[in-house]
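Quick heads-up: structures coming right below.
Two complexes come next, and they have one chain in common, subunit A, joined by subunit B in the first and subunit C in the second.
Right after this comes the complex of A and B.
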């Protein structure tokens, strides 16, 4: 955790719940969980998580800061919204999961090499460059994230699908050079930088 | 009384005329039933039919009528002739609706109807019109024992209804536990904040009510008599005795809290471990400000441990849930949060149950920042200046620790229900046998008695599960096994203030009803309004004491010569004494050994070659008979070989009926009663159990008669068992057919 981050969270001492309530998007809902377990039972990915949303909420209340923020589980949410639909206490569970993931990422404590996190990072970088997602470059960046030889293997594995997409005019090989972009790339980038600045200030990451 | 004149009315409405040979039924009523007057009508329950009967009563001086139409449970408003004795032959629900359709079954259907007409006429000849207990009482006031929420509410509601009340309270002031609370759980929307208890206002209203006499520092030294004439001795703290009388009694003696000293593993006995009551003391002292411990230290963190010494399956502590504790802990956690939101409040629970609108209250506490942790505490120990709670987190499945300045144990309610009369009975027997120790224990036990009843069955109302005063939670919550004495509030089951308030109101109304019925010479629940009462022919009595012992309601005392003395006002008219009496000297005007015995003998028994068995069904009129009627209403077919006689309770079945039936050639006897045992459904508490017990003893007699013991069987039938009861009948008939006809046939 960076020094600024440490400073920002220092005031919460042992009260992780309060930290979540104040700093995680929709975090103020966590304390309304009544531990019924409907979210855990509804989650289609349930068996593949280490911690169900129910457990994540309980861990937050029990002050298990490190376990929550480094948990792989919050990254596993596919946003199917089954939990939100079914929660008897109307907690926006999907949003809270994303909120926690985002918060852990911003603190720099999210699990390294977590595929969802890496994919999201690549996606974001790709997007802010031109204001448009360049699918070809995005796919290549994902394939080659684990080195050159793995990248070639990934490419060969996907070539059938890629050729099909080209044939169906869903993938333009020319995108590799420059690619399409929005009208005012500079404007978009400035806008995003400003938004980040505002958020960082609000969250206390910058003074 | 005028000379007996009988009349039978045979209805041909509701399809009876199409399915049955009504003129033949009329002939049977006349020839075999020997009815003085027999009339047919095609719609007996309409105005014209009813007028015909009224005219006969008036002009023909008819005193006894048999109505052969529908079930005795149907058309009771039309067939309401209070000035004559009446029997009903059930041809509709009992015959045409339950016998298979079609001409193939015409013969058995007609035989069944013939028999029911014979039975109706036979019963009629032995029945008298009940005239009511001549020993009317005149007291209609209530005594309420206990001046807490339940007692004050019962007293106030009864007084507002216009009845005088004597309110007896052991303490020096009214209020009970509720008066010790800082605030109570909210009863009204938005169910978010703890409320003022309102006890002071209620106590003031009760104290100043012109119809309520409040006796403080007072206990009940002796209660004798019966509904409508209870004679009570009240003992003041000074030892002075005042004699008062009351028509009925409401016992609202509440509860005590479970002793936390019995919970050393949860820190019971440690300085900074209290129960709910202990926390209320601290909250009252804080008066809305920061809550401090007894050592003066402000509490910054508090842990509530739910189900402390409750819902225990080890047998050491209370096995039940007290129902109010979740909401109470939520309320107390809010005390802390309201005084200072920074106080850490954790409720460790296994299951959080907040009945009524408590979910909103629970949510409110969550909004205020109270943390709820599903877990089970294993150990509470002193740590630093406070306590350390070791618990198993049941969500994370991990052992965890919580440190707190104060730990609150949510202990349960222990009913203040006085003496266990079963224990009392045992000690009485031992003391009578000469045991000095038992005598000593008995006098110690007497000290904790609440009502000090002079009944032979013991000084208090019987207890049911877990020491709570007996009541049937679902059907008749306030009824105890002592007529005219009603329990209300936590003495009969764990409850909170709101439930106790409703409970007390209900009990007060039941008590009023009991006093009113006694004053009219009528029965109380469940045969409320019944004018018949037990009449005993003492000259035939052998002083065997079976009636006095078996009466479920302690209605029968013994005089010095050990003859039974009936307190009719205590009697519920179940007839258990009549069933118990070996010399058959107890009867009711319209229900006796003869009214049923005559019906049993009136039936025509076909010979053993006819392949038409006859099975006598003695059906409890509370549940089994309605279930049989419902079977008819749903057109569920059952065997036409049964002949059903409703009985007040299986407890009233005298074994002579069984012997008579088997001797006259019946192939079997089915006894249908309510569920017995701990979860009993018997309206008279133990009638069905007694019947089961008595029948278990007649196996040898049957074998001695050369009969298979299976020829007498008992069945448990609930009121909803209409399909099941037909199955019972058909299976039993099939079993008897396989067994072959009774060897007793043809001897009469």
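Right after this comes the complex of A and C.
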């Protein structure tokens, strides 16, 4: 259990709803849910989730902290916005799902190996390094995330598309060394660090 | 109908449904002069179109009949049908109201013999059947119509049909040259009782009211159940006329929804519970009613009615707002959603779906006097004027989503306040 997670447990005791309201982006909407179930019924991925949004909200109110934060379900949202459009109480359900996923990730309790989470992590690391997305390095990192031999298989499977992209000048093989970057890499990294500091303070992670 | 007898001691009641009739009668029976204006060709409003009332399951003929007798017996009430309010000017004790009288093309000689309807060929959608059926373009609104006079639809004026109707009338009741009239009257106080309309169910896209013949509204279901309705009281599906034995009722169709009506319409839960009685009466133990709900909202003593329906083995309850409806090849409807009690995903087939549509105030889309204050749903909340200086009062379903019983209470309260205004006016004038 991470230190941040232990602190959160100590601070909020058994009041998980309060924790969500204070720390999860758009979490203050959770208690507005009237359990009608339209979000669950409208979700195109509905049958594939363990817990529907409606159920997640109820679990939060019931204090099921571990079940919610370690759940794979909130990572299944594809941001189609069907639930937001139909919610009779206008809860920003998509944003709350992302908020919970982000919070669980920050606490270090989100499910390990969850593909959406891994993809997001790889994308973020790739982006902040130079201030620009290096698509070649990003693809390679994703292909090789499950080990070397699986990586080679993925590469061979995609080689036709990759060569086509190179021919069409949509993919530059030279990106493998360094790659393009924004003008002030140090500046953008400072901005991101500052943003994180402000967010941590606002969310109550630091004083 | 040009000379006006109205003075500042007259009470104007706008809307001739159960609330307007009640307010008019209560005031008139206190000796006040009342003008009751109604937009349609008959009094009775939406109440007259119900099959039965809850909770006692009596027919609207009962309550309406008594009120119509009271109106006939009272010389203080003047009823003006096919009349709309165009404009209200002035203040408490001294209003000037502009009215538009649409031509009925039938005068008071009419005995409701029905010969004109037999003579006319043209048919129109019958608004008194919620357009579920057609009627001849010369028609009596319904069996409880007041005044008990036929109406000619304006669409046949100037056509041979109109001449046929005139020729068929033995009582010289048809006047094809009737014109629209605009009149002004004076009133001391106004009771605004314009009631409600069913929410436009086609706007609830996932339920497919506009696409699937067998998705109907609760008000349409009342007409199906009524012996005077288009099916003679049989519960038949619109698509193929097959008996609908397995019926789904969807609650909050438009109500409690920020995308549609934000208020709870209050009556729909009781209305659906009542309608399960119709299904049971029609088919006995082979009936099947299923109510899909967020939560059942029946108020105070009506709870007993709910408990009694719960005992009925032909009625099922599923706690879930239905997410979408799909039609299968036999025009049956498959309801999709997730049940809140256990979070089970379901896809259940029914013969007929009844949407318990919400009450939208009729105040939406009509011009109101400036000093009327509306709430966020469009119901009359009160007046913009300082307390004690207002003279227009909301009554019945124009002030809040109310059932018949509570509409009558609300109308009686509004009548009392209107009486107080004209009473003061007459006292002041007496001193002078």
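Throughout what follows, the second predicted complex is superposed on the first by the 200 of 207 C-alpha atoms of A that agree within 3 Å, B and C clash if a C-alpha of one lies under 4 Å from a C-alpha of the other, contacts with A are read in each partner's own complex, and residues count from 1 in each chain.
Note that a residue touches a chain if its C-beta (ideal position, glycine included) is under 8 Å from a C-beta of that chain, and two chains touch if they have at least 3 such contacts.
Every value quoted in this text rests on a predicted model; they were computed, and no experiment measured them.
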Clash or fit (per the criteria above) of subunit B with subunit C on subunit A: clash
Superposition-derived comparison: subunit B or subunit C, residues of subunit A touched: C
Touching partner for A:169 - first (subunit B), second (subunit C), both, neither: neither
Partner chain in contact with A:90 - subunit B first, subunit C second, else both or neither: second
Which superposed partner A:46 touches (first subunit B, second subunit C, both, neither): second
First (subunit B), second (subunit C), both or neither touched by A:17: first
Partner chain(s) touched by A:31 [first = subunit B, second = subunit C, both, neither]: first
First, second, both or neither for A:55, with subunit B first and subunit C second: both
Doubly contacted residues of subunit A, that is, touched by subunit B and again by subunit C: 34-35, 54-55, 89
Residue ranges of subunit B touching subunit A (in the complex, touch as defined): 352, 362-363, 366-367, 369, 371-374, 393, 395-396, 400
For the subunit A and subunit B complex, residues of the former touching the latter: 17, 31-32, 34-35, 54-55, 58-59, 61-62, 64, 89
For the subunit A and subunit C complex, residues of the former touching the latter: 34-38, 40-42, 46-47, 51-52, 54-55, 85-90
Interfacial residue positions of subunit C with respect to subunit A in the complex: 206, 252, 256-260, 294, 320-324, 336-340, 343, 345
